[in-house]
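What follows is a set of structures to go through.
Both complexes below contain chain A, partnered by chain B and then by chain C.
The block that comes next holds the complex of A and B.
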């Protein structure tokens, strides 16, 4: 008995020593004054210089330690900042996109830096470009940050193709008419196969790139106060009509760089587009390797007037900063100092905000930059920023979905698209106004909800667990409870507790930019909004369509593969590996690879289709093709289901099949009457797990389409994620999560309940 | 039992179709820098650019450090996962205790909870524990709680073992914990291996948790470094694919050398599902 007792301590010791090892991974204690900056990604080539500059800064400021944190990759950058602010972590300096500044200001998340600037004798506002600086001022004209780099949208031009048109090179004040004439001349079918090989323009079509055309045409997005849309006015619709004409009537334009990230090489880089744009400075980095032709940049052509839009990253100080003075000093001396700003220009980040850096060799004589690099400075007189609205990101995404209908798929006319954008935006702005006047959730409410639900859980457990076991069984029960302790702790801490918090959140209004305690109570309003939100409805039906395609297709392919691989052989072993490997890859990598497979111009599938003379499909740009494309990708990853089928097949008693064969049953009858019934339990298993996985698909649309075209691939978890982290509406996101949970619960239970009618359990009762 | 020719052809075709995207990834990783998807090195006269790998590794940062971090997190996660899930799975399968079925229902129900629901509250919890920018948030959830699916797998496996084992242990006077440790756990080796491999893959490939929790550059994991390649203005497709190939390779190798274990484990899940 003694030995039994000591042996039973074994796993406990193992767990304890494991925790001790884990505890040793604690961070080192912080020094007295630490400046924490989250301004750059550690994979950037400028990182070592930033570190060096930070050490210089430490040398100049005694007793100060600068801690540089890595943003961790562009795709998740902004979310990380939000997590850290929501968690009330001490960040002293952060970099955000200028279109997010208004949202940060609305949540009172930024520190007013004006007093610091006023007290700084060395501060000269004219040392920073004026329009970018103006975008760093709040409603009271106080500065809350400084520009990192910015870029106006310009037009890239292939000089060789331009010369071949025989037309005069455009000047700085070229017009839409000049542009159209050149684009027509630049559109050619070089090999006479009836398909256009060279396009006048490779046209960008996200909202920030489309807006310049609108402004040039005398149109506006919103009224001056940002309370009503002006998208249904002629200036706006007229610009859309012009672009639509280029694409679908004149056929001088093709799309490029439709989706975030732009990994695919575009027409311009391939030397097959005369113009490319409107687009920013960042493309020079990609294009610096072009040696097949000469290229340059031009201002955008002017319509009624000249106009362009600007993209910009800015440095700001969160309100929660512990060392605002040090943050200000670091901002002025390092981040907006000459050395680092020049470096930003040299690595092709954009136009430095510091005038002196932009006027230096680093920017003007950068070997990577185009000959007319000063265009980026010249057009700033006509440049405008996006409207500084707290909910701009949401409006942008609503408009983007409609815009894709007009310009990407051509399904909507310009006028109808403009009207729909106006209506959606106005409806959204109206809902936003109605939301104001929130009641604050009492500070103890969350803790109360947590403790009440935990007590309730405990009470249910105690009430339902039945009578105490006989003494002989008491030890077994004690041990059992001990064994599930690790699970139970984790369940409460990481699943049940967070789920309760999110349930309370779904009844609240809370931005992750606010401290956690500060949330407004709205009752069932989030759920009511879901019922009337067209994007949510689109998201729901896209997800259902995806699951309805991917799950059955996956089951059929997995089963077919398993049947093929059933009899063991060397060949079967190799093929099994080939089929299973996709299932073990990170979804992020899978998505990155499949973008190239699906690429409309150079992608693997379309190249094969064209080789056989078929027309390519714009897989990720056609609303009708995008869901099947994702389903196809999902089928590629069904390796796990295949293995499950394979294992179940090998467990079938060969005698059964042999008996059927003796009875004269052919292969099809044997499959139908012997194999399939025996497989029904694993069909159920794969069906349930596959459905759950299909409803939770996220990484693939996130990396590949960002929900587009329109809302065609805005699957539920993607919409949840966007609502919470991009549109800063955690309450709404939590409501979506709970609706999803209920849907999955109902689906799973329905499937399990239906099992009685079609699942055969050979020789044993279902227990 | 020789396969027919038709079946062989179908096998080869299926294998090729499934292998193509990955071969394509490797192919693109050998393209000349800045030339994107066109000008394949496999085309006549094309050059193969192995130096992309060196450049990609260089751009990821201190590669050995990244590898060490990733391995550390992965190994600790595996140990935690095995301890937590096998204990709970054993209790749910072989022991009688009040509330067992209700609690097991909870395990299954949590499979339906999307990760993003619990992300913010979890983050706040780790923040409260002072564990942001440490490896705790990556490891602790596997030790405590584990993945419900693996608890399910262990339960199914322990259920499949003959009931005489428990009886024998009980007659010997061994405690349930003792029975778990010296009788059942050794028998569960195939399932331990399966869960270890699944956990390896999940942790190795995880991007979300490292992104949210890790900020110090020296603490980054491989996938996090890989994500840096998404930066719009300095993405070179070839480098991205080269880096992806490097990160993917260990997964494929591990699978390749452990296929048997894998299949055995899956068989249990399948036949006892």
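The block that comes next holds the complex of A and C.
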């Protein structure tokens, strides 16, 4: 009976596995036409309105269903679109940032909408603001999308603080000198403790916010063709020098809240900054609830000339859209209709792209908006978009890392920073030019690689299997294989297969926006690029430093805690649980919490340090402090390691310790001669898994620093993620993944090989 | 070599469990004393209190008249052999032997000499480079003993050291331990639950039950004149017959058994060893209900009404189940116990 029962079990498992997979692959039954749009975050006030518009649209288009997907919040939105497109998920209408349009166009990922506009009798180009509309045209002047909302960068001002300076309110054509004088007058130490309490300006410092100063100073980022940087020219460096002066010499400026994911925000909201900017319309959304003081907006002060930059979200149709006509129709209805656009103005999302909406009461007489809301329209004459370059995101990220050295840590001079930005940008642009004329990876190459590796996997398996076992064993083995079928299928489909694909990808160039087969073969070029990529080098050394700090510290603390907590008391039980809790928390939540701990001004650590009279450390803004800060965080989360140590401690025969006590060993010698040797297998385990985990750290820097300051916390996996999904360079990202794999492989094997010299296995002699 | 005195030793655990209750015991210098009793009687706790591994709730431990209470185990100059040997698994035999010397700061050359000497004494010389995992049970046992004697301590403590060995090896090791003690003459406290071990090893035996000492004496004395019903039943194999009955007018009655007794009238427990019952023409009539043939002896279980008596006969007897016999316990070999207190009733 028993053998019959177990005999049927293996094949049953196999059958169940196949059935599961077959069900997963079963295509959905054919149904009505669906328009899938990924244009809005479901948490926004405008979401219900968008849903209403979708229902209206459905009512007028029989058999059509509009499916609205949420973009999700914050910085993840731009990544989500790319993830979905890369995953070949059907999207018909998407919202992207205008700075990414060129990248999408370069990958031929967007549908040319010009034929639709041409055929659309109701379309009136003048209904949309001209500069924003122009930014939605490709090189052939064809429209590929429409503006949702846009905003020029302006200056927010606390009018109460302004009145207190006693100086005249600035006019629309105020200058850098006027600005500096006001900023000086607005900087005050109100309680006389030697620390500035009110700042002239809470200065924003991301590239798009810095560029207006550059343009005002007669500088440029790139030449007209976008082939060479102009960052080493005086106009650029001069603007940086001015900002640096505000921060580090005049000391009238404070760091801005949102910079590089830092927390010390709300200076302006707290009424502690006279000016705040350059920044866009979106801040009115945050500031509309300020009751404590009166605030308004001003054009940016002018240098040699007036200038500002513009941010904009646009709706576009992916080339892979299944319902392009419906997508176009919905786009037109939403963006050229007053209802949605007025709402966008009312909720403070931005200036509506639709002229009529921007000229309506909704925008101009919005009670939530600042009194001088028309400033946002007035400054558009001097406003410019970022250069429409396919790899703008990458250049932005290269520059941002240098910018942080100049404006955040102050470690780099303006001139040196500008030179470095120029050099990095030019090197990058040169490399990009050299990449053109790539060979396409022959179709079928990927399939070939997959088949060959699968055959190789099979061959290895057969070769290691040895001679045929006797019949009874063979039957048992068949059952075993039956049982692991599901796992094996999963392994091949989700681990082995993707690993092979990524290996091939690392020899190719491929944007996730392109169809999967459409990749260029570049051989070892990605690896060669890694060898000469300073960002990668910085990333590698940051990661190594992090591992070198976090892993040993984690081991020591975990072991110490385990030793302290191994006695079975109620208190130990509670503390044990408390120590383990961090290990089961999502790293994103942990990171969010630790931002409060590390906050430079008001963080838990710095407050304690100050209480003891020590100077606080700008943990996440200081290049030398940020890696130790992350290591400290890692040590906080060693609960799992502690648990493994505890289990191992409990497995040690208590008689061994008693024997050592009788033999005359004190606590330290008992630990050193008896406990530690017995724990060495677990130390090895924690060391290897800890090292691997340390090299794979991602969520914490992603949430807390985005790699900054500079590249100080751009750990390998973060850089991999940025390369693949921000800069759309999947081949390069794959190469990083394989280098990481090799590094971890070598490290793990070295550790395991070293084990014979220091690891003692009970019941088995070493060596 | 030290004289060990225990006075008023008690051990109470939180929760109220009493492991030891006011134990007094003196072990003469060079004596081999066996602590014997069933599991949970407190014998191991007592040993650990002497070792310094467990702190007594009350009482004093003195070595040669000097209190060692408050001294760490390592400072008491005792050596202990554990039931599972407790060899350090990552150290070779040589290092295991040298470990206590190393901790005591003995110089390397001296260490080497003493380890070699001990290894020679115990026949471990060939095994010095091996790890404990590569040794047999008997070899591990020898190493554990070696680690104890290498230090030449004042007191040896053995905690059921032979219970993990098979019966044959146990017999051999018993002999070796006895010889070793004769040779070294170190005061030894030896814990066991095996009464045969207690009888063969100890120069004196201390029987414990429920945290109290019931009897201390040389093995023969304990065997011949058990001080309590429990001792009577625990020491000796096969165990003593204990029969509850009543004394009336100088006669003990239980079932069909009638025996003269000098004990006062009232409830009484008779103790008689299986070897001390004779089969003869007179005596109480009994029916054989079970026969166990052990080769050198035969055990008969007999029923006298509701009373059961086991008797042991030398060699092979032809008696079969169901036969009727007349039994006569040898009158000079009878033990009487109070059924309430379990104490021996003097006659």
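Simple rule for what comes next: the second predicted complex is superposed on the first by the 718 of 767 C-alpha atoms of A that agree within 3 Å, B and C clash if a C-alpha of one lies under 4 Å from a C-alpha of the other, contacts with A are read in each partner's own complex, and residues count from 1 in each chain.
Convention: a residue touches a chain if its C-beta (ideal position, glycine included) is under 8 Å from a C-beta of that chain, and two chains touch if they have at least 3 such contacts.
Remember, it's a predicted structure, so these values are computed and weren't measured experimentally.
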Touching partner for A:556 - first (chain B), second (chain C), both, neither: neither
Touching partner for A:134 - first (chain B), second (chain C), both, neither: neither
Touched partner set for A:748, first chain B, second chain C, both or neither: first
Touching partner for A:531 - first (chain B), second (chain C), both, neither: neither
Which superposed partner A:434 touches (first chain B, second chain C, both, neither): neither
Touch count on chain A, higher of chain B and chain C: B
Which of chain B and chain C A:168 touches, first, second, both or neither: neither
Intersection of chain A interface sets (partners chain B, chain C): none
Chain C partner contacts - residues on chain A that touch it in the complex: 653, 655-656, 658-666, 669, 673-674, 677-678, 680, 760, 762-766
Residue ranges of chain C touching chain A (in the complex, touch as defined): 48, 51-53, 72-75, 78-80, 82-84, 86, 88-90, 99-100, 103-104, 130-131, 133-134, 147, 151, 157
